[in-house]
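Two complexes come next, and they have one chain in common, subunit A, joined by subunit B in the first and subunit C in the second.
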Partner chain A sequence: MKSKKTDGLTVFLFLLPGLLLFVGILIAPLFMSAYYSFYQWDGLGEKVYVGWGNYKTLSLFKKPDAFAFGVPAMHAAVKHVFILAGLSLVLQLPLSLGLALLLGRGIKGERFFLSVFFLPVLISTTVIGRLWQKIFASEGLANSILTGLGILKEPLNWLAESEGNLLLVAIFIPMLWQYVGYHMLLMYAGVKSVPKELREAAKIDGATNWQVDRYVVIPSMKQVLKVSVIFAVTGSLKSYDLVAVMAPQGIKTQAAAVPSTVLHDFLSNRMKYGIGSAIAMVLIVLCFFFALLINLLFRDRDAKG
Partner chain B sequence: MKKFLAAVLALVMVASLCACGGKNNTTATPTPEPIYEGDMTVSMWCIATEKDSNRASYEKAIADLKNMHKNLTLNWEAFENQTYKDKIKTAVQGDSMPDIFFTWSCAFLGDFVKTGRVYCLDDAYKEFANSLDEKMCRNTIYDGHKYGVPLTLNVVVLFANMDILKAAGWNDVPQTYDDLLKCCDDIKAKTGKIPFGCAGGETWCVTEYLEPLMVKNMGGEKLDNVFQAKDTWGNDKIADSVEKLQGMIDKGYFDPAAETLSNGEVQQKFIAGDYAFYQNGSWNCADFAAAKDGEFIKSVKVTEFPVVDSSASKLGELIGGPSDTLAVAASAKHASTVAKYTFELGQLICKYGYLAGSGLPAWKVDYPTDGINELTKKVSEIVNNASYLVLFGDTAMSADTKDIYLEAVAKVFSKQITGANFIAGLKSALQ
Partner chain C sequence: MQRGDIMAKSKNLSDYQVSQSNGKVANVIIWILLSIWTLVNLYPLYWMVLFSLKNDTEVYSNKFGLPKEWAWKNYQTAMRVGNIGRNYLNSIIVAFATILITLVAASMATYALTRIRWRGAGLMHKIFLLGITIPVQSSIVPVFVVLNKLKLRESYFAMILPYSAFALAMGILICAGFMTEIPKELDEAAYIDGCGRARVFFKVIVPLMKPAVATVSIYTFMQCWNELIFATIFIDKSYLFTIPVGIQQLVGTFTTSWGSVGAALTIATVPTVIAYILLSRRIQESFIAGAIKG
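So, the complex of A and B:
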């Protein structure tokens, strides 16, 4: 009995530093944000309790008029990140999976290609943002190639905030491009964890490479796929850096707003800590919701199959 | 044991909520202290980064200050403009400010003064009253007390590349608004150049065009009252000014790629001769004087934006004023001594900034000014003849108001709203 108690205490004491860090850095700020979200506060003076008032000003469900200034652009922001999450699922993840499956077959130069595809993940987002700004500039590479090929008659103003949809396309392309390698690496680990014997058995039965991937490898790496989907969706919801670098004005005019940029605007520029905290809470709830939903969807599939 | 551990964890959770509260310092008029003669280390934050036009002024001023006070060790750091705004606000909130910090006047510093964390400079000012006119401190007086040391002052001016104007058939900068529009048409038709350089990608650069239009359309005092929330935004002259700016955009007077350009790029394109006019702050005089090894200045003329409505405004009503300021943290050790050093430093930065042409003097000039470039001299002449200075809108307004205003201005440039929308929206949001 005594040794069990001692063991338990030892385990707890070893976990305590990590637990304190976890609580101090993650849980405590979460509670503090929730607390601030019910107050009107400029970060310097007195806090004024406003209840759900901050949440009501977020205009999540109705797009505010273009000349309703000072209103958090959450309607547009959430729409943009939903589009980005959708594009991640439809474009980014299939591309990552395709590359992982190809490399997982043990092709020549496997390690070299792994490194090359992973490189964008290692580059600073600010550098990537500035690079793609130049690519999408009026006299940049994108316009040069498209006009040279005759696809465009005139160069496009990709990054002009008045060209709302174009601006989003210009921002989403590098965002999707940057993390293809990241998801590819996750999935590659999943591919490599599939026992060789299973592949060989399928091959002996006459399965093609594609059939092996589809019926043996992909089902075996379902948990990895689930993790990738969760990261892709929640990462899209939380996106900030590339948008801030590539379209600082688009954030102001809502053409390229995402929840994190709206949050930063209200916290840092407008010193409205209450509204900023409310936006943070909405973001957390959205991330939680989608993480649970994806878990549920994959669990249903597990139960069926 | 389990209950004990559960209690510890619960205590940690509750403790995190207790950190939500905080007590605010109240403003207290400081008791004057004797000047401290012992060794002291003072910290300072500013925005004079390596590429800032004021960097050299700061370096010379600090060197002079250290020579004047051998007991002083000044540790200073410079941050990029936008980063600095976040950093200093966080520092004020956390009461972890440097002893001396750069700030902008009016509402920006005013928000900090309200927290009681900025040192009152009334007593320290007395020693410098002969060198610093009280009206230069106007923008940093709150509830009748001084809290800031002005450095240089700047105004929005119109730089013109005379080579392009002459090629378009204009030997001088147009003196009236109608002539300016004719000149722009001629520039486009005869030279193929773009009349105005503006970094639409940075909203403050758009205000450098919109605010002079507003002041020359409605008058300095009226606009000043609007910026200071003493008058309504629902003024048809403001809507008219917005429509005029958008009219100029529609006529192709601005670069079609303006929204994607930074101010640095626009400035370089003006120097390269891509634009005929560049309307921006007078701090650009130093850069233009040095451009192309001093050759570019021969092609540049500086003036003010012409009057739009002569019944409401006149020449001499300008956008600008003393905005760059140094302030002292109330938490500074030997604060009254730090305050004295801050005034001395401010005077030196002003002097070197003026001599370098990166700003106009907020302090009295009692040194030779032969080396000042011709552009700065001309701007100095314009300011000396000025009848009214309206501080930049985004400096005059509080943090929240300023951001709403800049959001509206950004939408003006991208043509998302009309002039009527602009005034109605701002009136609704701010009043």
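So, the complex of A and C:
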């Protein structure tokens, strides 16, 4: 029999590497971020307590009158990621679900289509960003195709900072494009977990493929759909890569700012660690809030169903 | 009554056959839809390879066709000026170190959490898994400050440590899935033979964890191979740039010359595509394992 004492030590030693990483890089920094967010600090000198000052500077809830001392509009950044999350819910996820359901019917070339649709997920987002920058360049693919088809009379200047909304469109399209395959793969796994007999039985009872999907397959996919919705929303809130690559003057661009690029700007270019931490806290609170909310929404439906 | 039943059944059966022949038309439509999406996925990548092989005038004059003059020198420019080779080396060093640390820390922690009975094991397990939901942004400022103080910011550690820490929760999740399937009798037999906890872990558990090692490695690799936010905020020295940062920072000749940008992008992408063709099922499974069980 093992003695309790040596077991305690063994447990501790086995947990040690994981604990060091987990506490040192995830848990302690979480609390440090919360603490820093109430101070004005350049990373070197004295910290000055400012209460909620940093959060007020961010002007989350109202449009700032002017960019006071060049504060990039966090207000706009939050609005942008909300729009992105909304687009993801109404465009990206339905498209992913549609593809997953079609593939799940057992079509010829199922494996091939599945693998191709998932490919963009694996390609580095910086490569995707650089590539779509070329697609949306004034001499690029988008303008050539759209003017060629007569949809546009003149080529558009997609990536100019002055054309704020157009720039957002040009950045959102590859963001949504890249992860369709990811959600499709998760949903496809959900579709495939529906027992074959259930599908066959419904069909023999005269259900069309569409009815099978609607009344048999989708209701059994709740868990997967919940995961996808959470990933789509929190992923949009946290987005960084494509904006950092595609916005013309990099992270300083206001027109396409998202919270993470604003955070990067405060940290690297302005040495304002307190405000940077406040931005991080806002992001964390938003992510947790939406994850909980989505969990609750899906649970309610379970209770009713 | 009985006859009616049979009639009803045969009616259903014929309906079924009708819906099957309708199914053939439907299948063609489905196939067309899937092919359109295939095109939307692959054409941009094909176009990238295409312009990587064109010279600066052909990029504008011949947008869709094959290059008339194959400009292989773009690839030389990308390797020499863009320093893609160095970026590759850095990415490989960072990825392998991260995978190693994640595997060791996750498998050891999982062993302590699932195979040794102690009070609080369940709670500790749940706390570790919370790590999946913590956004990386919450660590950036404090880790930046600490690494600066330790003079470690311009080093591989500045990437390896955060990547390992953020991969840990998923590592434990995947390891736990596999480890709980190993029968406890194996451990007990080894204890009776006089083995200690550590020997049981290394001699009994680790050899049986091969599938988990593969899944964790693939998942961790994909996470850190493409990671940008830590790498770009923490690292300023170009000799430490990983591929994503290298690609983001392409400047100079690369702002005007499409060909060399295309070449750099293609060089960065080809190994991923080859790995995916060889391991597509495994890679897809590791992404599903990571998401569904979470």
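Keep in mind that, in the parts below, the second predicted complex is superposed on the first by the 274 of 305 C-alpha atoms of A that agree within 3 Å, B and C clash if a C-alpha of one lies under 4 Å from a C-alpha of the other, contacts with A are read in each partner's own complex, and residues count from 1 in each chain.
Keep in mind that, in the parts below, a residue touches a chain if its C-beta (ideal position, glycine included) is under 8 Å from a C-beta of that chain, and two chains touch if they have at least 3 such contacts.
If you're wondering where the values come from, they're calculated on a predicted model, not measured in any experiment.
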(message) I'd like to know which partner A:268 touches here: subunit B for first, subunit C for second, both or neither.
(response) both
(request) Name the contact category of A:28: first (subunit B only), second (subunit C only), both, or neither. (result) both
(request) Using the superposition on chain A described above, determine whether A:285 touches subunit B (first), subunit C (second), both, or neither. (result) neither
(message) With both complexes overlaid on chain A, does A:201 touch subunit B (first), subunit C (second), both or neither?
(response) neither
(message) If we overlay the two complexes on their shared chain A, which of subunit B and subunit C does A:296 touch? Say first, second, both or neither.
(response) neither
(message) Just to be sure I read the superposition right, which of the two partners does A:138 touch: subunit B = first, subunit C = second, or both, or neither?
(response) first
(message) With both complexes superposed on chain A, which partner does A:209 reach: first (subunit B), second (subunit C), both or neither?
(response) second
(message) As a test of reading the superposition: which chain, subunit B or subunit C, is in touch with more residues of subunit A?
(response) C
(message) Is A:159 touching anything from subunit B or subunit C once the two structures are fitted on A? First, second, both or neither.
(response) first
(message) If we overlay the two complexes on their shared chain A, which of subunit B and subunit C does A:36 touch? Say first, second, both or neither.
(response) both
(message) Does any part of subunit A touch subunit B in one structure and subunit C in the other, and if so which residues?
(response) 8, 19, 24, 28-29, 32, 36, 43, 268
(request) Spell out the part of subunit A that touches subunit B in their complex, as residue ranges. (result) 5, 8-9, 12, 19-20, 23-24, 27-29, 31-32, 35-36, 42-46, 65-70, 133, 136-138, 157-162, 248-249, 252-253, 255, 265, 268-272
(message) Which residues of subunit C touch subunit A once you look at their complex with the stated criterion?
(response) 12, 15-16, 19, 23, 26-27, 30-31, 33-34, 37-38, 40-42, 44-45, 47-48, 51, 59-60, 63-64, 101, 104-106, 108-109, 111-113, 116, 118, 124, 128, 131, 133-145, 148, 161-162, 164-166, 168-169, 172, 191, 196-198, 201, 222, 225-226, 228-229, 232-233, 243-245, 247-248, 250, 258, 261-262, 265, 268-269, 272-273, 276, 280, 283-284, 287-288, 291-292, 294
(message) With touch defined as at the start, can you tell me which subunit B residues reach subunit A in the complex?
(response) 1, 5, 9, 12-13, 15-17, 19-20, 24, 85-86, 89, 92-93, 111-112, 114-115, 200-203, 256-257, 259-260, 399-400, 403-408, 410-411, 414-417, 421-422, 424-426, 428-430
(message) Under the definition above, what is the set of subunit A residues touching subunit C in their complex?
(response) 2, 7-8, 10-11, 14-19, 21-22, 24-26, 28-30, 32-33, 36, 43, 99, 102-103, 105, 107-109, 113-127, 129-132, 134-135, 139, 141, 144, 177, 181-182, 185-186, 189, 203-206, 208-209, 223-224, 227, 231, 234, 237-238, 240-241, 244-245, 259-260, 263-264, 267-268, 273, 276-277, 279-281, 283-284, 287-288, 291
